[in-house]
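Below: a set of structures, written as structure tokens.
Two complexes follow with subunit A in common, the first pairing it with subunit B and the second with subunit C.
Up next is the complex of A and B:
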């Protein structure tokens, strides 16, 4: 019984001093889910991804060093380390691919809006520009060249309909409240929704956009 | 890998759940591990330790540990919850990831649970009761403004998301501003009912 009490105390102690590693991982999970659920592209989590990628690199080096180790105990630890590595790699890949899918979908919109362009990482910006240049070239050489001059544009807004696809910021999102926050909703004549930690809501993205960025709510 | 433009798949919801910490009692020693997501302490039997669920499942499969089920996953507590769920029209308070955790634990370490078949039965009743409630109550709740879904678990939310999201978006487009005023009126009329619900949630 005594032993259990001590381990309980130790556990509490550990929880208080939770290593920043687990914080980073939880943040990555959170931003991955946010990115999946938000209709628009969010700020690239530069430092966070960088820190995690550094750890991934170190872990791979560690695995390479230890692969020759024939001690069964070390071998077993290595299996655990590799399993975890695969989980983290999946997370990062899915995070980046979600962003790329959004960049592809709203390419011209992001390109023409500087504030959105700054949300992208340098490599995402390069991707966006070169991919669009390639697409333009392809369209032009395959069919646009046969069109009359005034119909060749890809960002035409003639007839009241813009060719540039923009994300629907009013689309419904599902969220869970992290910290108490009052959300003002414009479409109800300025009504305020008091959201309490742990609550689950369905609401238009535009109303909670800022709260997502501040981490007051997380999308699900 | 699921296509990124889709919402979270059930597998991904389970993946997220596997990162939660759970208490185990190790059967074998294991040195501390410097993982990317967490630095684990050395496992020394029979001292309890908290590890991510995926690691607990892995160690359990190799019979290197026993899992300590969470407090709420006991027959007594579940019986109480089932009763509450069937007596009250509101959703009773469940842990955010109750379905995923219960599913994974019943699947991988049923022997560590006390009377797992009864637990499985209660979990299934809970799930059916709640599903029926969702089906009965949600269509009446839906409006283009906002919907409160308190006390639903992550997996339950993800189950209804495909259609609820589409309906809410569709309503918004049909109703426009005029419709949203009507919703407000409707909500004011229904205020009395709301208060009753709040009382029940507080028990």
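Up next is the complex of A and C:
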């Protein structure tokens, strides 16, 4: 059986019976793609993830309840539910892992910028801090302890290269416009580009940063 | 020559990136580079101290140049050391995420290289890295613990089928599934739920069949 067929059925099922559920699912999908496509870390979708996780837990319980059921129809339904569940679990897993990868990559930059730090969930913040402390300890005990005092820093920018890695906000992203919006392009004279819903653009991330956060455009 | 050892470290790091296992820690080189840094720094201090504060670079360009070269070497060595350790720590982190037993890996690496080096006296991880691996593992477990329903270390491939065919490569004992217990003995083949055996596939006990 082709996997795409099942998701079609589920989409119909969702749309008819549970509009709010499918909205959350679409949102998750959207933020997952946004997170993967954006060069910098985005706001953690606390409520959304929490709502979906609650549902995931309910479904797991439901599956456990029904497992003993030998009725073939219930069994088939169970397989569909489980397939869907695996997909949602994958989405959340990938979403969280993408964030962790970004956190690791730009650790010092995020740590030293309070506005960015607040975008993280509490457990991500703990992860970030503990991880950096561990790394520091590793460097220090491996070789930095034998270095002269003035060379032990990990965040100076002497010699022309900053030791803190920052995301490249000017990298290009693909996006689809959700709502009509005027985007100001940082050009001499501040040009504006009117974007209509449904349009697809390739543009510098820094120009559409705010629009992504407000949900006016979505990255693809 | 200044910086030559640092270069060796970077070459080692580059090689490490392409390997599936962590090669032995280059204790000697790391120590030598660190010593070079210390020596150079001492030279720098001697030069600057000999002027007692009022050093004018344009009056003595030769000394100024020596200072600059020393200083750049020190910085470069630091960068090389950092790069080397960062690459290795990233490898260690990756192993933690893959749920591999680090100690087992070390053992395997030792066996693999032991045939050539006879004896296997080289340690793949330095004591500091050992400690790092342990603590990172603990931290990861703590973070993962909040997402038990998701299994954060699970596959990052989008799931296609709920059930998959697997072949058993190594005896893995008995596992519990919702359809009862299965005994995974070598060379047998099963049709099982992917979620149940994900871990065993990663650890190399099972192989997924298409």
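Here is the rule we use: the second predicted complex is superposed on the first by the 200 of 220 C-alpha atoms of A that agree within 3 Å, B and C clash if a C-alpha of one lies under 4 Å from a C-alpha of the other, contacts with A are read in each partner's own complex, and residues count from 1 in each chain.
In this section, a contact is a pair of C-beta atoms (placed from the backbone, for glycine too) under 8 Å apart; a residue touches a chain by one contact, two chains touch by 3 or more.
What you see is a predicted model; the values in this text were computed from it and never measured.
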>> Just to be sure I read the superposition right, which of the two partners does A:146 touch: subunit B = first, subunit C = second, or both, or neither?
In response: second
> Should A:56 be classified as contacting the first partner (subunit B), the second (subunit C), both, or neither?
Replying inline: both
> Touching A:199, do we find subunit B (first), subunit C (second), both, or neither?
Replying inline: first
>> Just checking: does A:191 make contact with subunit B only, subunit C only, both, or neither of them? Give me first, second, both or neither.
In response: first
> Is A:94 touching the first partner subunit B, the second partner subunit C, both, or neither of them?
Replying inline: both
>> Quick check on the superposed pair: does A:83 touch subunit B, subunit C, both, or neither? Answer first, second, both or neither.
In response: both
>> Output check: A:134 vs subunit B and subunit C. Expected answer is one of first, second, both, neither. What do you get?
In response: second
>> If you tally the residues of subunit A touched by each partner, is the higher count for subunit B or for subunit C?
In response: B
> Same subunit A residues contacting subunit B and subunit C, which ones?
Replying inline: 3, 56, 83, 87, 90, 93-94, 97
> Which subunit A residues qualify as touching subunit B in the complex?
Replying inline: 3-4, 7-8, 11, 14-15, 19, 21-22, 24-26, 29, 33, 36-37, 52, 55-56, 59, 73, 76-77, 80-81, 83-85, 87-88, 90, 93-94, 97-98, 100-101, 105, 168, 170-174, 176, 185, 187-189, 191, 193, 198-204, 207, 220
>> Per the contact definition, I'd like the list of subunit A residues that touch subunit C in the complex.
In response: 3, 53, 56-57, 60, 67, 79, 82-83, 86-87, 89-90, 92-94, 96-97, 104, 123, 126-127, 130-131, 134-135, 137-139, 141-143, 146-148, 151, 154, 158-159
> Of all residues in subunit B, which touch subunit A in the complex?
Replying inline: 1-5, 7-8, 12, 15-16, 18-19, 23, 30-31, 33, 35-39, 41, 46-50, 54-55, 58, 96, 145-152, 154, 157-158, 161, 164-165, 168-169, 172, 177, 180-181, 183-184
>> For a test of understanding, state which residues of subunit C touch subunit A in their complex under the given definition.
In response: 30, 33-35, 37-38, 41, 72, 74-75, 78, 81-82, 85-86, 89, 93, 126, 128-129, 131-132, 135-136, 139, 142-143, 146-147, 149-152, 154-156, 158-162, 178, 193-195
